[in-house]
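Look at the two complexes coming up: chain A is in both, with chain B in one and chain C in the other.
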Partner chain A sequence: MTAALTRPVRPRRRQLRAVLLVLPAVIPVAFVVIGGVGTTLLQSLGLMPLVGTAELSTAAFDDTDELLTSALLSISIAVVSTAIAAVIGFFTAVLIVSGNWGGRIVGALGAAAVTVPHLVGAATVGLLLSDSGVLARLFGVAPEAWPALVAGPTWFAVIAEYAWKESAFIALIIVGTLATRITSYDETAAVLGAHRFARLRLVLFPLAAPSLLVASAIAFAYTLGSYEVAWMLGQTYPEPLSVMALRLFNSASLSARPEAAAIGVITIVLTAVVVAAAMLGLRRMRAWR
Partner chain B sequence: MPLRNPFRRPTATTVRRRILPVLATAAVTALALTACSAPTNAPRGPEFFDWSDVQVAADGQTVKLWMWGGDDQGNAYVDDVLAPAAAAQGVTLERVPIADTKDALNRVFTELQAGRNDDGAVDLVWINGDNFRTGKQADAWFCEWTGLLPNMTAVSATDPLLTEDFGTPVDGCEAPWHKAQFSFVYNSANVENPPTTIKGILDWAEANPGRFTYPAAPDFTGSAFLRSVLYSESGGYENVPSTFSDESFDELSPALFDRLEALAPSLWREGSTYPATSEQLTKLFADGEIDMMMTYGPATLTALVENGTLPATTRVLTVDDGTLGNASFFGIPSNSGNIAGAMVVANEALSVEQQVAKADPAVWGQFTVLDLDALSAADRELFDALPQSPVVPSFDVLSRNANPELSAEWVPALDEAWRTRIAAGQ
Partner chain C sequence: MTLSTSNVDVDHAQRIQHERRMPGDAGRPLSQSRGVMRTARITSTALMSLWFALPFLPLVLWSFANSWSAPDLLPMTLGADGLTAALANGAVAAFGDSLLLSLIVAAIATPVGAMAARALSRRTLPFGRLVSVLLFSPVLLPPFAAVLGINVVLLRAWVPPELGVILVLVVVAIPYTTFSMRVAYAAYDDGFDEAARTLGATSRFALWRIHLPLIAPALARSAFLAFLVGWSDYLVTLVVGGGQLITLPLIIASSASGIGNESSVAVLSLSAVIPPLILLAFVSRARNLNPGKQS
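Up next is the complex of A and B:
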């Protein structure tokens, strides 16, 4: 405190300049985040009605049964697809950094997959896996005999799409961290007599773990919040939170907007909890320290 | 111990410094938010005395028409036929494709909430039904303008399809564009003796398990199917009061949902899921997974059969008890900055040339809103000379015994009940 007060003027001015320089970046982000989340919160509490008077109420959060079903479904989809993506992503990354011929092809495929928008990915997966899709035709299976992968009770197509796209994302993030320091550690371990599996377990995994965790947290947050894949490839009922929010937000009745905003708030809270847990986990990691 | 940058200041002061801008941003945002949360005071829009007034104001304006972009023929008609005609009158027409008409409405609402009152992004919307009603409730439409359009003289002033939009009085807040007829479609190769009533269609579906389904409400087509079955189960549209009331809903809807519940096991995938959109329904029909489907836009069928998307044996089913009919319109949001230009486009779209061009199945095949009896013999001739589609019967055959639409309040009530009873019941 005293140090701050007695500090000479010059560095202070420099600091002010630094703050001013960073403001153009901070203000828009803060405006969007605080503004967006704030508006959602206000709407969910009935304080921003389209018609009628603003009145504080938690009525939008009342339909607990349906919200609970949807929240559980959303979390299940996100957990399963992120877990699959994390495992595939990690091994893909290991393959890519191995630097051999196959690794390069996989790397190029992974980079290409990241550029495909989820909407296009969902349409592609739909065409591939649906009852009369490409795979069913390729194997000559009649639509009735083909398993209900798209819009079925297992949400297979939805999970497959997220797992595919996010595994490419996770793999590229891990490759980014591994690429710079893997060779020396890996070679040292090999010289000291570590076998492949031991190197994977004791060198590669600990080095990749922080970025694996961060990338998985991002993938989880994205999967929980995005709607288009679940909407295109999912079942009519029950709906994930995001699909329900969009349906209500677009609903013709003006009273449904607070309910849509309430689902938005719930989704934000769920995401925040998971991201916070991931950050705590990150702090405990040895490689990070 | 992590490495520390020796040139970095001790952490305590940096944290304190960082708080200031954050607080400032929070304050600015809070201010902006309170401005947003003020009640919406929808603007009234400009005043025009006569049509030449509008034409002068419209010259040089660019009109952004927000319309559902899922129909290639419709897109091509607007870009290649309507836009050049508007350009000839000094108005640039830009089409903004949207996935759902509600997107345009939501955009307008959000702008009004934020106080953007005279330069909104939406100048013209292709709209009808519950969207129109919702906009009217929120006071989002520019109103009492259709009387100024010279081409409105060729539109019947008493046609109930055009004076009321799903039970909501139009009140000059939207100008008619075309008429539509809800139609059932079947594959004549697989359905030898097509049913002739809606009841018959449901019986046929039960006799042929897995060959029929309908889009999940609140999809526009799926929701229209619910109303069709409601009419049929109630013994005709005369027995369903157009104005919504809880009493008539409680009295009439159980029969509808009992019937649909009994039907569900005979549907595609045993009714465990439903197509999310009418496009998905059309895809099932195109892939031969179902033999019967439905559409509120039979206009598009001719082209879909011609380009091979649908089988050549696709036919429209005319039912004795009649099907729902409606009209769709152009609405102008009250916060548009190009209201005069939008009026010129709406007027041009109502001209005989445009309505004839649009009615041609090769162009778009949309049914006209003009009163054919009020047209001159020469103009009428143009409509009579239109080529006949092999798939879709002419409008007078299709609209025989047409059922009026229910008031818009019925729509969300039926949709919601369908979700909780039928979709959730599986």
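Up next is the complex of A and C:
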């Protein structure tokens, strides 16, 4: 319409203009995404060795026990932290959209948490939860008696850091999509006699569900592929996928490169499965409406 | 005297009006909590505030602690030892490198994302859905997997490490800028551009004096997101940068992996937390222009 009014432009030229506008974004993204994934795949299959001849092999995937342990660990950390983040994020969003002064404070603190780099989050959660950390001092517990939250078998500190950051992210995404229309729906339901929990279950939750699902899927994908938090706050063994991949990548052994790439491929596949499931869920949600 | 009385009456009338809000009006009369629920709301507000604020506490406490041995509740001696150690670790140079890197990433990813969002919002783009999926994919791609692969490509293509870091971080930032600008363009009215052109403005004039001022708040928000991508990154700078680029997260990581560096880690972390918070304060104050209402 704009083009029609301002200058007579044929459809072909409008298409060309749109393509030219989108190319500066598409070219680098395609280069990095396709180049990165493609190279990782080729390396994992032994087709791109640092030295020697390229030869198709699945040797990098052979250590199935180790890979399975790491994959299960990564998935567990991601599932637990995303679940906590989704619950806290949803209730935080409900508090924020209620529009009270308390909601504004929580909103500001949540926005502040989103801006904190994950590495800094890991550093400060370490200072908070370690055996001589701030919480141990607050509760007056001696370092020997404090449970091993950092670098312990429960991965508590790692999960806490992800849950903290991602709950703020999920809350802000939900608030962003709901802020404009939730108040009138909520009030209409209240006028019609719906009680607080009925409104939460039948009005707020269904309206928030699609963005909750999308934000949780993004948080899950991030947690699964993230490196620095698990590396700083986690146990040395067993390792999550990302930590194992980076250790192999940096190791001196030449055979380790394909193994690192194989872990990359596994993580990409896992992420794709989760994202596809989330998209299916989203489609069902829309169909249900 | 009479004037002040009438003022009081106006206030009173406004208060009555305030209590008589109808559903759909701004405000929340019926959905406002009372009694037990009010207590529950205040308690949950306090708990949520604690949840989000607690991790900031060690940064503040440790930043000014010279010595703070284990059972003590508060630092024993306050001082600037942490700051001195952080400066000795090259904090200033790293801070500058982080700032420069983040600004470059934002300066590239914001206009690129805005143009892509404009094209996607027009529906004249062939394969628009495919392009959307591609531009969103870096969010879902595990960073370490992509970085291990692209690092080999960049090395074989002899791309300087600094350029490689910028390229990969711009790609990571493009989904955020594109999709935040798409939301902005979904609410954008082409009528303003058309009116300017009908009144004889050149397309360049309409872009600079009409279009850009109207989308400026959205541009600021997406530039902030792109800045955060550069500012928060650790892995890309580490692997693709290959030691050529030492940013703040890199020296935080190296300090944190040592023992007894708590106060220097806290000072470095605090200096990494504050700049985005300042930017956030500016960005959240930028409101959308509404040219329909001249007030």
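Following the convention adopted for this analysis, the second predicted complex is superposed on the first by the 276 of 289 C-alpha atoms of A that agree within 3 Å, B and C clash if a C-alpha of one lies under 4 Å from a C-alpha of the other, contacts with A are read in each partner's own complex, and residues count from 1 in each chain.
The criterion applied here is as follows: a contact is a pair of C-beta atoms (placed from the backbone, for glycine too) under 8 Å apart; a residue touches a chain by one contact, two chains touch by 3 or more.
Owing to the predicted nature of the structure, the values given are computational and were not obtained by experimental measurement.
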| item | value |
| --- | --- |
| Superposed partners chain B and chain C on chain A - clash or fit | clash |
| First, second, both or neither for A:Leu224, with chain B first and chain C second | second |
| Contacts of A:Val191 with chain B and chain C, given as first, second, both or neither | second |
| Touching partner for A:Ser132 - first (chain B), second (chain C), both, neither | both |
| Chain B versus chain C as contact partner of A:Pro24, first or second or both or neither | second |
| Partner chain in contact with A:Ser251 - chain B first, chain C second, else both or neither | first |
| Larger contact residue set on chain A - chain B or chain C | C |
| First (chain B), second (chain C), both or neither touched by A:Ala83 | neither |
| Contacts of A:Gly103 with chain B and chain C, given as first, second, both or neither | second |
| Chain B versus chain C as contact partner of A:Leu282, first or second or both or neither | neither |
| Contacts of A:Pro143 with chain B and chain C, given as first, second, both or neither | both |
| Where chain B runs into chain C (options 81-89, 135-143, 261-269 or 279-287) | 279-287 |
| Residues on chain A lying within both footprints (that of chain B and that of chain C) | 1, 11, 15, 19, 22, 26, 30-31, 35, 38-39, 48, 132, 143, 232, 249 |
| Footprint of chain A on chain C - complex, ascending | 23-24, 26, 28-31, 33, 37, 41-42, 44-46, 48-49, 51-59, 61-62, 70-73, 112-113, 115-116, 118-120, 122, 124-126, 131, 134-135, 137-150, 152-153, 167-168, 170-171, 174, 178, 190, 193-194, 197-198, 203, 228, 231-235, 239, 249, 252-253, 256-257, 262, 265-266, 269, 272-273, 276-277, 279-280, 284 |
| Contact set on chain A toward chain C in their complex | 1-2, 5-6, 11, 14-15, 17-19, 21-22, 24-26, 28-33, 35-41, 43, 48, 88, 91-92, 95, 98-100, 102-103, 105-106, 109-113, 115-128, 132-134, 136-138, 140, 142-143, 164, 167-168, 183-184, 186-188, 190-191, 196, 199, 218, 221-222, 224-228, 232, 242, 245-246, 249, 260-261, 263-265, 267-268, 271-272, 275 |
| Footprint of chain A on chain B - complex, ascending | 2, 9-10, 12-13, 16-17, 20-22, 25-26, 28-30, 32-33, 36-37, 39-40, 100, 102-103, 106, 109, 113, 130-131, 133-134, 137-138, 210, 216, 218, 269, 272-274, 276, 287-289, 408, 411-412, 419, 423-424, 426 |
| Chain A residues touching chain B - in the complex, by the definition given at the top | 1, 3-4, 7, 11, 15, 19, 22-23, 26-27, 30-31, 34-35, 38-39, 42, 47-48, 50-51, 53-54, 131-132, 143-144, 148, 151-153, 231-232, 235-238, 247, 249-254, 289 |
